[in-house]
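Presented below are the structures under discussion, each in the form of structure tokens.
You will see subunit A twice below: alongside subunit B first, and alongside subunit C after that.
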Partner chain A sequence: MAHDDNSGAELAAAASSDHGPENNVSTGTAVVANDAVENPGFPPHRQRVTDLNPKKERTAERTVYTLFYLSIIGSVWAIAAYMLFPIEPENLLSVRLNNLFIGVGVALALLGIGIGAVHWAKALMADHETIDERHPVRGTDETRARAVEIFETANEESGFGRRTLIRNSLLGALVAFPLPAVVLFRGLAPEGQDPVALLNETAWEAGTRLARDPSGVPIKASDVTLGSAFHVIPEGLSEMDHMLEEKAKAIVLLMRLKPEDLNEREDRKGWSYDGIVAYSKVCTHVGCPVALYEQQTHHLLCPCHQSQFDVTNHCAVIFGPAARPLPQLPIAVDDEGYLIAQSDFQEAVGPSFWERH
Partner chain B sequence: MFTKKKRQDSAAKRGRRHPLANVALIAIGLIATGGAYAGISSATAQTESTVVSQASVEDGEKLFQANCATCHGFNLEGSDEAPSLIGVGAAAVDFQVGTGRMPMQAHNVQAPEKPVQFTDDQISSLAEYVASVAPGPAIPEEQYLDADGDAANGAELFRINCAMCHNVAGAGGALTEGKYAPSLMGVSEAHIYEAMITAPQNMPVFNDMNLSPEDKRDIITALKFMENEVSVGGHPLSSLGPVAEGLFIWIFGLGSIIAVTVWITAKSN
Partner chain C sequence: MSTATASQASASTAKKSGGFTGKAANYLDERTSISGAVKEFGRKVFPDHWSFLLGEVALFSFVVILLTGSFLTFFFQASMAEVHYDGSYVPLKGVEMSIAMASTLDISFDIRGGLLVRQMHHWAALLFVASIGLHMLRVFFTGAFRKPRELNWVIGFVLFILAMAEGFTGYSLPDDVLSGNGLRIIDGIIKGIPLVGTWISFLLFGGEFPGTAIVGRLYTLHILLLPAILVLFLALHLVFVIVHKHTQYAGPGRTEKNVVGFPILPVYAAKAGGFFFIVFGVIALIASFFTINPIWNYGPYDPSPVSAGTQPDWYIGFADGALRLVPPHWEFVLFDRTWSFNILAPLIIIGIFIVLVLIYPFIEAWITGDKREHHILDRPRNAPTRTAIGAAGVTFYAAMWAAASSDLIATHFHLTMEGVIHALQAMLILGPFVAYFITKRVCLALQKKDREIALHGFESGRIVRLPGGEFIEVHEPLDEYERWRLVSFESHAPVILRPNAEGKITNKARLRSALSRWFFEDRIAPATKKELESGHDGH
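== the complex of A and B ==
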């Protein structure tokens, strides 16, 4: 290993002589390495081509000022491009050209300065290695004493320790000031309503017709042919207050399977109509819309985390992180042939929350 | 002596070969292989039979018995291998054969799009024959395929009914167990319409009571708009969303940052 003449030993000596006394602290339980790695010092100084060859030096100089000139050209071009390629309404290509050419100009302007400056420093500025010793973290005794003194004076002059009533009332005020934020954040929840109840119920009621999303036109059972998938909202959703909040909970996917493909539980036999089933579209994992229905395998896939539900088996989870089946909406047909809900969902839709049962 | 000679050799080698020579060599090799492959596959795509025949039920029946009946049965009754084609209609034939999905090359989770195996006349003969056995969805009328409807309404319907599988930009996406929803870019208007009414493979049906013919026309308009309009944000990276974009920025964005830091801290030559 190559050694520089003025390496390690000298520097180490200089360092120890600088702050020798402070270093005489007990090492406590720290392991003192007697065979610590020796400071290898600097590798031999290697001269750059720009130091040895004046021609290369001139080339480097030319490169640097060319880069700075390029930067000027980039800046001017960015201004020119702003005028030459204006954004015309209704013309998407003009937006793209405007962005592209202004961006090229600004990038050239900034990169020209940056690359030029770094190249200048690397190739032309003085090249000699130095060591900047790290300052000891511990201040001198004087500084430390002075700091303590400042605190004491401040305490004495303000009376922070003496005037306890002022001190305690200040502490009380500091404790109290974040409280309004807590109350205000609570106010973000629906006022005067129980959030648990709101999460437990949706806009579906007994007799609400199933309607198409987004038109709101009600769906007849005869419209739903075998293999169909309808995206469903409750009829009259658009007239409701907080329409989007209601929609987020009430969205339903309606599918028609062959009745013999459905393995229905005894207590849910009446929830479907001739192979037509309706399930909440809100994933029970974290609430993404589950609507990737495969009409041959009857699998429903959630695109966010790949939970899969088996529509033939009351949307039981067959893969992925979802913990519960999708809630089923009990449906029936009214006298005009339209599909209606028998009731709201029998359980809360969507992801878990503390009070969900 | 020997070692000295060896050292000289390696020095000479180092002198002859640029450090980036290996990278360049690999790049040239990859480009050559890829280019040759693309050339060959497009060449095979163009080899189509040029038999021109009168569109007729009899021709269609012959074609069906020669090419389809092995799996779908001589009377379209289907088999363990393939579904019955009774009542699928001309639209299903035009879609499946017209996009090259049928005849199927291998029994797999999904029939992929591939070079079309029949001429347009042969496809219409097949379609007429299948439609003559039992009625089903017909090939859509031209008035719904002009891609000149309401693109905004079509885009909303597309986002609600189609985007969850086919991607919001129509770029396609993955389904379960190796199945996938194909990209809709470059698919003809008639094939888009036919897919909605005939529900190929695992796609659900979107019959005329769900999406009216006008709605379907709007959806086709929106898709053609996405296909033809320039992307304002620059290169769409296949519109595959966060995976493609994240991969790009991890490799090229972080890569260039690392390259710049290495350059800044490296000693000048």
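== the complex of A and C ==
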């Protein structure tokens, strides 16, 4: 048995004389006790039932090959299931069955191999642990000396350390050569556009009608009953180029409160219409749609990080990580009774950015 | 003449060593020198322990990800051009969506087995990140990162981050509402970065959010760039495992100079190979029974709708939660520029956390000054301060992670949102200290108990009455093998602050001694031979 090569005393002596494979290395703050308990060496080997009982051994053998045969059955079953359970168009159940039966077959095929192999290793393969010696990770002193010598020779033969002009100019060239590649990445975004200008404007213009999201049907002031909330887009959004980009900035929430519930600032008195107010739906935190309106409290809640905005107070932040109120869209009513925007938003909507002020 | 004999001789040995296999082996070896590799590695020893399987789960689930992912690339189309969906899933028929979304639906509903492979890919990815995380915890708490494995810890940690990046980019590809919303959040975070944020976002999305470029770009990252780097680092990681040889737990017969376990051929190969199939099979089984990421319920990306209770994949939760824990109004305008500390603060804190985890092995090595190689793993209790630091780190992470589900916690337990957030804010700051303190005390108590058992044996449950009438419980002594597990560790003593050669005490020395005191002032030494012989611990 391999274990018998190492007696306990030998091991213990080795362990206490020097802890690691290297000699004479600082032990730091470790307290190396000189009367530490000795390593008792390997405990006596215990045989498995399959070593002792030939019947058990045969059972184990049978289990292993049965598992491998089951695996074959699983593979065959998976192929059969591929044909037996085709996907019928517009039939969700067929998709589910296809997924289930192919999957179960594949799983059986894989688990059969896996469990069989592990069982084979554990119950039948030779059960004696073996021992490898460790050597320090560092190279031997000769190897290291030779490596140093090679570098020195290379330095000598090339003059890398001596010819400083050559060396430094090479280093400079190596630093400079990847820079053009970095510059090329400017092409990732279209040229001739200024992101800051784009972030400061949306599709809303004076006179744009407020329309329902997603149908695009314009909204009359009379449709907006007390306590209701509408998801709003500018009319004609679906015909715009860059529809999604425009929509990402232009979405608005429209709510009607009792006019006396609104705490309106002097300069914004004219921005609402008979208790109807419109606010950007893009969260000022990192830009999720602020989709949840709590009718009783007049709070808007952003589902992403739970920022809450108080609609009665110009959507000031009352909780959560957002810092700024939701921008308000000034609205009015046209002669046909439809709600329209008085202008674009007066500030950039959505998440903060560096150049925003 | 001599060449002829030589070739005859080698031919005859090949024949002797048996038919086709022998010939094939000979053919190969004469062209590749492969016998050298077999000789070198064929009987290499790997120690056995369940906790060593965590790394294997990570490796094997990555293989599953590569296999299933390759299948998916044959069908997925990373284009954001709009089409009207015309596949088998009735509720979305005629809906306008990107080709990316439509092709993902086709994989799910029109290709036999496509849904299975897609779900296996996603489940395997979740398992990949989870097993790396657990593997890292195992390595941390057993001190497996000590010399000579510090660099491999760093490589492994980079792998963890790459795995999360792979997860996030993959999650974003189908272009459904949830993935688009995730990208919206990323866009918002990037825009909050001072100076360069606006432009980075503009370049990343190829113009304004969402644009039509991002899915294609993430696809390149997801299937080319990130996997290439990941495979490279994975290979390095494994090479180092071979170079260092695997660590082992303390046990009778095991020393710092040997590795005890089963040889690669045949036992370890059979076990690990079999385990690969088990991991693969379990993933297949989960994928056939449990739906994951049902994008057809979410619908194509639209910037407007989002429902309550939306969640990122769990491994991104800590970042999302960190964003939620910021108190209101952490943003201000200075020098006519916007400083979004509601975004910067979490970024900086997570950044510091990551750096601390990354360099922990070097910090500990500096404090202990221990330059020896360590191949025997610590039991967590025998390194109380390290274990307590780990527990503090886990608590910190857990607070951020729980915050990502603050709304679900609130609705599920009928609490207010504000209450949950405030509790988690407190947990983020106080929790680590509490966890640190408790863990350290528990470790020390366990160590004391170990010492007690090593010296006096364990309680047998048998009560006897002494002649004097006194009742005592009989203590059974341990056998030497059991005892060895309890006494075979080293303790550290705090460094004593001493002037250096010039008679000065440097600040560096002061810091090191302070840290060392923090680490090691509560210390329980292993029982020594003398104590064992005298049968008591001398107090």
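Heads up, the rule we're going with is that the second predicted complex is superposed on the first by the 263 of 357 C-alpha atoms of A that agree within 3 Å, B and C clash if a C-alpha of one lies under 4 Å from a C-alpha of the other, contacts with A are read in each partner's own complex, and residues count from 1 in each chain.
Heads up, the rule we're going with is that contacts are C-beta pairs under 8 Å (C-beta built on N, C-alpha and C of every residue); 3 or more make two chains touch, one makes a residue touch a chain.
Just so it is clear, the structure is predicted and the values come from calculations on it, not from any experiment.
Participant: If you stack the two complexes on chain A, which partner ends up touching A:258: first (subunit B), second (subunit C), both, or neither?
Facilitator: Neither partner.
Participant: Looking at the overlay, what does A:89 touch: subunit B (first), subunit C (second), both, or neither?
Facilitator: It touches subunit C, and subunit B stays clear.
Participant: Between subunit B (first) and subunit C (second), which does A:324 come into contact with in this model arrangement: first, second, both, or neither?
Facilitator: The second partner, subunit C, only.
Participant: Quick check on the superposed pair: does A:100 touch subunit B, subunit C, both, or neither? Answer first, second, both or neither.
Facilitator: Touch status of A:100: both partners.
Participant: Is it subunit B or subunit C that touches the larger share of residues in subunit A?
Facilitator: C
Participant: After superposition on the shared chain, which partner residues are touched by A:162: those of subunit B (first), subunit C (second), both, or neither?
Facilitator: neither
Participant: Should A:228 be classified as contacting the first partner (subunit B), the second (subunit C), both, or neither?
Facilitator: Touch status of A:228: first partner only.
Participant: Applying the document's definition of touch, where does A:62 land relative to subunit B and subunit C: first, second, both, or neither?
Facilitator: Neither subunit B nor subunit C is touched by A:62.
Participant: Per the contact definition in the header, classify A:118: touching subunit B only (first), subunit C only (second), both, or neither.
Facilitator: Both partners.
Participant: Of the two partner chains, subunit B (first) and subunit C (second), which one does A:286 touch, if any: first, second, both, or neither?
Facilitator: Second partner only.
Participant: Which parts of subunit A are touched by subunit B and by subunit C alike?
Facilitator: Shared contact residues on subunit A: 92, 95, 99-100, 118, 122, 213-214, 231, 289, 291-292, 301, 303, 308, 319.
Participant: If you look only at subunit A, which of its residues touch subunit C in the complex?
Facilitator: Touching subunit C from subunit A are residues 3, 6, 8, 11, 14-15, 19-22, 25-33, 35-43, 82, 86-87, 89-92, 95, 98-104, 106-122, 125-126, 129-134, 136-137, 185-186, 188-190, 193, 195-196, 198-199, 213-214, 231, 233, 242, 244-245, 247-249, 251, 281-283, 285-289, 291-292, 301, 303-308, 317-324, 350-357.
Participant: Please output the residues of subunit B touching subunit A within their complex, sorted ascending.
Facilitator: 156-157, 160-161, 164-165, 173, 175-177, 179, 181, 199, 201-207, 209-210, 229-232, 234, 263-264, 267-269
Participant: Using the touch definition from the top, list the residues of subunit A that touch subunit B in their complex.
Facilitator: It is residues 46, 48-50, 92-93, 95-96, 99-100, 118, 122-123, 127, 212-214, 219-220, 222-231, 255, 289, 291-297, 299, 301, 303, 308, 319 of subunit A that touch subunit B.
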